[in-house]
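Pasting the structures in now, so scroll down.
Next, two complexes with chain A in common: one pairs it with chain B, the other with chain C.
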Partner chain A sequence: MLISLLVLSGAFQNANTQSLTGKEIIDKTYNRPTGEDQESDLKMTLINSAGDTRIREIKQFTKDMGEVEKSIMFFISPADVRNTSFMNWSYDDDRADDQWIYLPALNKVKRISSDSKSDYFMGSDFTYDDLGDRKLEEDTHELLREENINGKACYVVQSIPVDKDYMYAKTITWLEKETFIGVKKEFYDEDGDLLKILSIKEYNNIDGFDIITFSEMKNIQKDHRTEMKLSKIKINTGVSDLKFSERMMTRGL
Partner chain B sequence: MIMEKLFQKIIKAHWPLLIGTLILSAVFFWFMLQNSEMETDLDEYMPQDHPAFIYSDEAEEWFGIKDGIIVAIENPDGIYNAETLDTLKQLTRTLQKMDEIRKADVTSLYTADNITGTELGLDVKEFYKQVPSSPEALNRLKQHVETNEMAHGRLVSTDGRVAIIIAEIEDDVFTQEFYERILSTTAQYETDKINIHVAGRPIVEGTMALLGPKDMKKMVPIVLLVIVIVLYFMLRSIKSTLLTMSVVFFSVLWAFGLMAVLNIPIYAVTTMMPVMLIAIGVADGIHLYSHLQLFLRKNLMASKKEATLEMLRKMWKPVAMTSVTTSVGFISLLTSEVLPIKYFGVFTAFGVMAAMFFSLVIIPAGIMIFGLPKIKKQKTYKKDTTHKLADVFAMKVIRNKSWSMIITAIIIVLSVTGMQKIWINSSFLEKFEKDSDIVRTDKFINEHFGGTTTLNLVLDAGSENADVFKEPGVLRLVEKMQKHVEDSLQIVGNSFSLVDYVNRMNKVMNADKEEFNRVPGSKDMVAQYLLLYEMSGDPENLNRVVDYNYSKMNVTYQLKSDNSKAINATLGIIDDYANDFKKKGIEINYAGSGYKGLVFTDLILEGQIKSLILSLLIVVILLSIMFKKIKIGLIGAVPITITALISFGVMGFLNIPLNTTTALLSSIAIGIGIDYAVHFIEQYRVNARITGDKLLTAQKTMNHSGRAITYNAIVVIAGFMVLLFSVFPPNRELGALVSLNMFTSFAGTLTIMLVLLNKSNAYIKNIKEKIK
Partner chain C sequence: MNNKVFLTIMLLLFLKGLSAQNIDIRGYARTYEGILTETGNLAIAQQTLDLSFEKMGNKSAFKVNPVIYLYDVDSLNLKLRELYMDFFFKRFDLRIGKQQVVWGKADGVFITDIVSPLDLREFLLPDFYEIRRGIIASKLNYYTGNSTIELIWVPVFTPNEWPQPGSIWYIEPAFPVKPEFNYSRSDITAGIKNSEVFLKYASLGPKIDFELMGAYTWDDNPSLFTIKEFDTLGGHPALNKLEIFPEYNRLVVGGGSFSTEIKGVILRGEGAYYYGKYFQTTDALADGSLTEKDYLHYLIGADFSIGDVKLSSQVIQETILDYDDPILRKQNITTMTFLAQYDLFRETLHLELFTYLGITNEDALIRPKITYDLDDGFSVLVGANVFTGNTDGRFGQYKDNSMIYTKLKYSF
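Up next, the complex of A and B:
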């Protein structure tokens, strides 16, 4: 899951960046080495229009296993959901994600089957798709223009989904030319109205990888936003394949 | 004498005065054209600093509580076919695209999630996005709906023939244009099979705020026309009739003009202003002309200047006294907490004073310019009949004093009995015709769904007590209360709260087994279910039922009526749980427009009763000062009191509820009743001094004031009877009650008040009668 999040950012690449097409730019962003596995603490802050906040702390592990990318996460806080865990397997081909949930109070692992990629991630303003669970061919990409954002040169790419019933009519992404990190992204709903804005507030180079450590997604229509902060990031520590199992879900932290 | 000089001046300067009035009126009219604006947002009427409203407004913010427009799609063959489902989808999307509606505020089967459980897991799906067409897919959808209590009976009727779309809107977006656009948009989707109905509180509220004044606009000219005609038959002079009406016209124009100058919008109650001013304004003119005619009959050779001067000399006092007392009565409405009513009081008072000014300036100026009304000789025999009638009537009243007293006593007892039955109704829906579209649609939706009226109960543990509403004990209590209210009141269709989500998740996570459709055992379990819901459903759904740190909860009841009795019955049962909740540190509060309407109506009534008592006191004091006798002050208040009592008594017996319109009528009772009393007492005083004989005084007064009062009553009653043909029921009630008030004021003044004047030996000691 987290690796997916990072797909939005781009890897350091020495590729020839002259006259890239929209598709090529997005491809570079999507397909870049982000490490085999990763472990981190995610602090998610949900902020409603009144300014009230809900804070969730999650311990998460992700691993790219070739055609499948697996992630598992455990709630650290709030206390009443501690050890609630969630597992996601995302496939490179057209298969839908496999998802499981474990509720300690129920002491049962349940599969979640969802026909919609528009589900919100942990009640946040991010959908699973927003977090990068999106494939290159699912949209047609067009380079609109180039412009500066925060003093850095960016490509501005518009992506229009092939599936006309998709939850977004289009997205527009600002990608830093230098790093291929998508620093800003606008999401337009099925009626073409601006729905959400994603802003990357901070990214750091960790063990040679550019990792977004602070991002914010703001839902304009609902006046609701989510901040995500990553800490204690460890990359390529050799997380075991066995970590991503139903049994491990019930183990807790 | 100052007044004498003033009268001379008025008579001399009749042209400048008339032209000045016209110019000022033109200025006011210009401002009206520029500034007058109708205020239809009912929230603007509510006192913003009242604790109930402050809390409700806050709660509306917390939970996004808004009134919903309900669009019902009906297909007698059932909704599970491609055509109906497509209509549902298209309409949902069309509503979402309207500028007045936030996309996320539209709910229907098309937007809803269907979360179901199996032995192994949890299924989160939309009911449909692409319209299913195969029989299997349609059947599956039907099954999904019927097994999901979040949709079954809420979004689709239990008989499967009606589906609804709920579009919540902000309070201030409703306009006639928007409503018509919704109606025309939805009508486009109607076919032979598919019927579409539009209902909901915004529609009812908006239509009412527009329909009442619109109907008034249509009816008032007819009222005026009838008054003009009847007035002509009373005064027998076109000139007099037109001048009297011009007093009414200018006073209404000035009152509205001043509001426009001060940038005050026209509220629904403001439309009562012309009603009041018409009823009150004609009185001065009738009394002035009545006096003039009597004088001319005795002094056939008097010049117009002499006659006008005489009229002013003798009549300025009662005209001024009646106007001042009436104005003060209206100004007492300032005690109301409701802003539009304060404005109504102040500007009606201003209008009454303006009417006084015009009566004492325009009528004399008019007589100077257009000449005296002709006294037709052939009418003399008729005069004699009225004369004789007045004499006989006065004599009978005096001779049969005990009759008046007994009848009055009986009427008072009856009225007080009737008043016990009076009830307050804040219902908007019941202001419409039973067979009107709006009522029928509402009934239709109420038959198929929970109800069109929502009552929001806010359970508040205080922000510092986070997570209270994750406690199973608390949730179970809420569930018990929800069920108790639903089961004991037919009027409550269903209720909805966080408990429904928790129960649903518990069931889903336990393979959809019905026995798990209940609150789970531990707080952690509740918390985890809620987290799971947030992860799988639309998190915003939860925001509508519980606040961010689980210290406040919103329970929504759907009622099938917005009648105050229904709402109060619901509140009654809920309040029985107040103690149980208190033990858990939870306070009970209410929110939403239905509740605010209820509180608001109470506020209006409270204000009305306060101002009624206050103005009665002021009237007694003013009359006591004017006539220099407390006794007279008290006697003068009798017709008013009786009028108010009868008005409320009749409402009680006829089951007419008190509402914002009918409550205001007590002001009319005072305004009109006092006019009659003052004119009558003033004449009685003058005649008593001249004749020194009780019977003669009564007869002379009856001939003079009595006649004028009768004319006045006939004119206004005839005028307001016109409202009985109004299409808007509240305006009909208004017409009937104004007429009734006019009649009782008139009857009370000429009978019981005369009797009391007679018995109290006011102005005449008993000597003469004893001699007789």
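Up next, the complex of A and C:
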């Protein structure tokens, strides 16, 4: 899991996009080229209804190794979680992810369950699933309409989870027709009420890849939000396979 | 000027100098107070400054971790929890100096995790990174694929540290007559002959993580070699003198641990076979009232979630093999641990309940706590340690030490 809002991002596409189905549109977004490896700095700002802020900073690396995509995150701040690291191995087939966490206070690497994707990440408004690349077949996708948003033509696609117990009853995504980048996404809770809205504030083309660099997730029901900014993004720099190991989790940055 | 205060000031000045060289300075300040529920007496009044100075390079690194404890008003205690140098190579790392080593998959239980001895002066109450004592060691890690081979050489034996008379955690041993302690046998001279060696093979990969370990070590707890003198006045022998020699014995340990995920549940196991551990016995023919037996220590545990509540439980068993009735300790001791954690308000309020449950001895240590993160790095903790059950048990013996406590901590 590299935190880059993969679910909403897409490369510039030249394919004939007329009369695409909802599933085909989402498939193009999910299967965008992202490079062999990436590294970046992530800064999350958690803002409550009173405007108070908390900062979370992370250094992250990811690498596509064919059948498995490996990622590792090093927590930089706040101070009480500094040097904590998290590693995820995600497989192309149906295997569950392997995940580990290194807690400096315990001084050991612990395997943790990958069955917690509905948990919120570091107290933010993003769940682990919001940040990861959800599999196409986990939802049924329907093209609702086409409309302009921020002056750009977009597809509006509704995705309903196959798993009826999933934390969202449905999501609705606005994807730019030209780039297949999602610029807005609404999340509806189990009762069908609007829970959160994700807005993309900025994306940039880096080394030929579209990367969302500034986004905001707002919890409508609880009136708090999280801003997420990516910086120092490097793509295809040849991150070593050895980076994704227990050795590096414990050594840190 | 008090020597400790002088040393502390010198250390701080030295470390201030280090900070000018782009050395990463981290740590925390903490104030920790506890009150006994039975008497209302202050049981803990501890102020802590924990500093960590680290420099990480591509080929080498170092860490210094001095900790200053202030007990009561002016009882200052300075210690270096760790001080080591790292050297990084392509396939292996070397760490030399005072360091803490953690092995195994168990939480809060020490089975294969026997490299670093324990500071038990406050029983099992401190956080686990504070319970472990640093050891003077050289540690070599060789990496191949997802596997690691770890070899540790410890030339200086460091035993467990126990509460001393005057501490609320000190339990006076029960003897029929007042014993005389003779510590002449408890010194282990540092050097090659008395060194300890630990070896571990660890694999972390798809589906399962596991470790296999072996150790040629010292038992971190002393055995009490006892010499008895009897009076035979009146025709009946009567014990009139006990001389006790605390001594450390060699121990050979082999074991392993694993951790895997099955349908969202993390299943963990750990076990170790201790060859030749000494136990106290009432057998009149036993030399020094000690008998040597093999001993098995193992557990099985699971981590899982119900809704947003994270749960973890472990069942631990200790067994003395080839048991003889005169051995003072029970042949089998079964203990359970139980942990529940729940976070609220965007992970700013943390509720936790941790319990040791003595199945054999019918006693328990129950540890509820609430932590609130006032700000990034600044937390307030309120908790309780409740000792209950059979007063012969490991936890029930501290029935009078149940307490409520608070910790204010600022991390930087």
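One rule holds for everything that comes next: the second predicted complex is superposed on the first by the 247 of 253 C-alpha atoms of A that agree within 3 Å, B and C clash if a C-alpha of one lies under 4 Å from a C-alpha of the other, contacts with A are read in each partner's own complex, and residues count from 1 in each chain.
In the analysis below, a contact is a pair of C-beta atoms (placed from the backbone, for glycine too) under 8 Å apart; a residue touches a chain by one contact, two chains touch by 3 or more.
Keep in mind the model is a prediction, meaning the values are calculated, not measured.
K.L.:
Put chain B and chain C onto chain A via the superposition and say whether they clash or fit.
P.N.:
clash
K.L.:
Go through the superposed model and pick first if A:P78 touches only chain B, second if only chain C, both, or neither.
P.N.:
Both chain B and chain C are touched by A:P78.
K.L.:
Once chain A of both complexes is superposed, is A:G252 in touch with chain B (first), chain C (second), both, or neither?
P.N.:
Second partner only, chain C.
K.L.:
Pick one for A:Q221: touches chain B only (first), chain C only (second), both, or neither.
P.N.:
In the superposition, A:Q221 contacts chain B only.
K.L.:
In the overlay, answer first, second, both or neither for which of chain B and chain C A:K108 touches.
P.N.:
both
K.L.:
Regarding the shared-chain residue A:D98, is it in contact with chain B (first), chain C (second), both, or neither?
P.N.:
second
K.L.:
Is A:G123 contacted by the first partner chain B, the second partner chain C, both or neither?
P.N.:
Touch status of A:G123: both partners.
K.L.:
Using the superposition on chain A described above, determine whether A:W89 touches chain B (first), chain C (second), both, or neither.
P.N.:
second
K.L.:
When the two structures are overlaid on chain A, which partner does A:G208 contact: first (chain B), second (chain C), both, or neither?
P.N.:
Once the two structures are laid over each other on A, A:G208 reaches no partner at all.
K.L.:
Does chain B (first) or chain C (second) touch A:A50, or do both, or does neither?
P.N.:
First partner only, chain B.
K.L.:
Running through the overlay: 93-101, 201-209, 417-425 or 507-515 are the candidate stretches of chain B; which one clashes with chain C?
P.N.:
Clashing stretch of chain B against chain C: 507-515.
K.L.:
Across the two complexes, what residues of chain A are contacted by chain B and by chain C?
P.N.:
In chain A, positions 46, 48, 54, 78, 80, 100, 104-106, 108, 110-116, 119-120, 122-124, 224 sit in both the chain B and chain C interfaces.
K.L.:
Which residues of chain C touch chain A once you look at their complex with the stated criterion?
P.N.:
Chain C residues touching chain A: 26, 28, 56, 61, 88, 93, 100, 102-105, 127-129, 132, 141, 143, 146, 148, 202, 204-207, 209, 259-261, 263-266, 303-305, 308, 343, 346-348, 375-377, 379, 409, 411-412.
K.L.:
If we count contacts the way the header does, which residues on chain B are in touch with chain A in the complex?
P.N.:
Per the stated touch rule, the residues are 61-62, 93, 96-97, 102-104, 117, 120-126, 129-130, 467, 470, 509, 520, 522-529, 531-532, 534-536, 538-540, 543, 547-549.
K.L.:
What residues on chain A touch chain B, complex-wise?
P.N.:
Its residues touching chain B are 46, 48, 50, 52-54, 75, 78, 80-81, 84, 86, 100-101, 103-106, 108, 110-116, 119-124, 165, 189, 191, 193, 221-222, 224.
K.L.:
Going by the contact rule set out above, which residues of chain A touch chain C in the complex?
P.N.:
46, 48, 54-55, 77-80, 82, 89, 91, 95-96, 98, 100, 104-116, 119-120, 122-124, 224, 242, 245-247, 251-253
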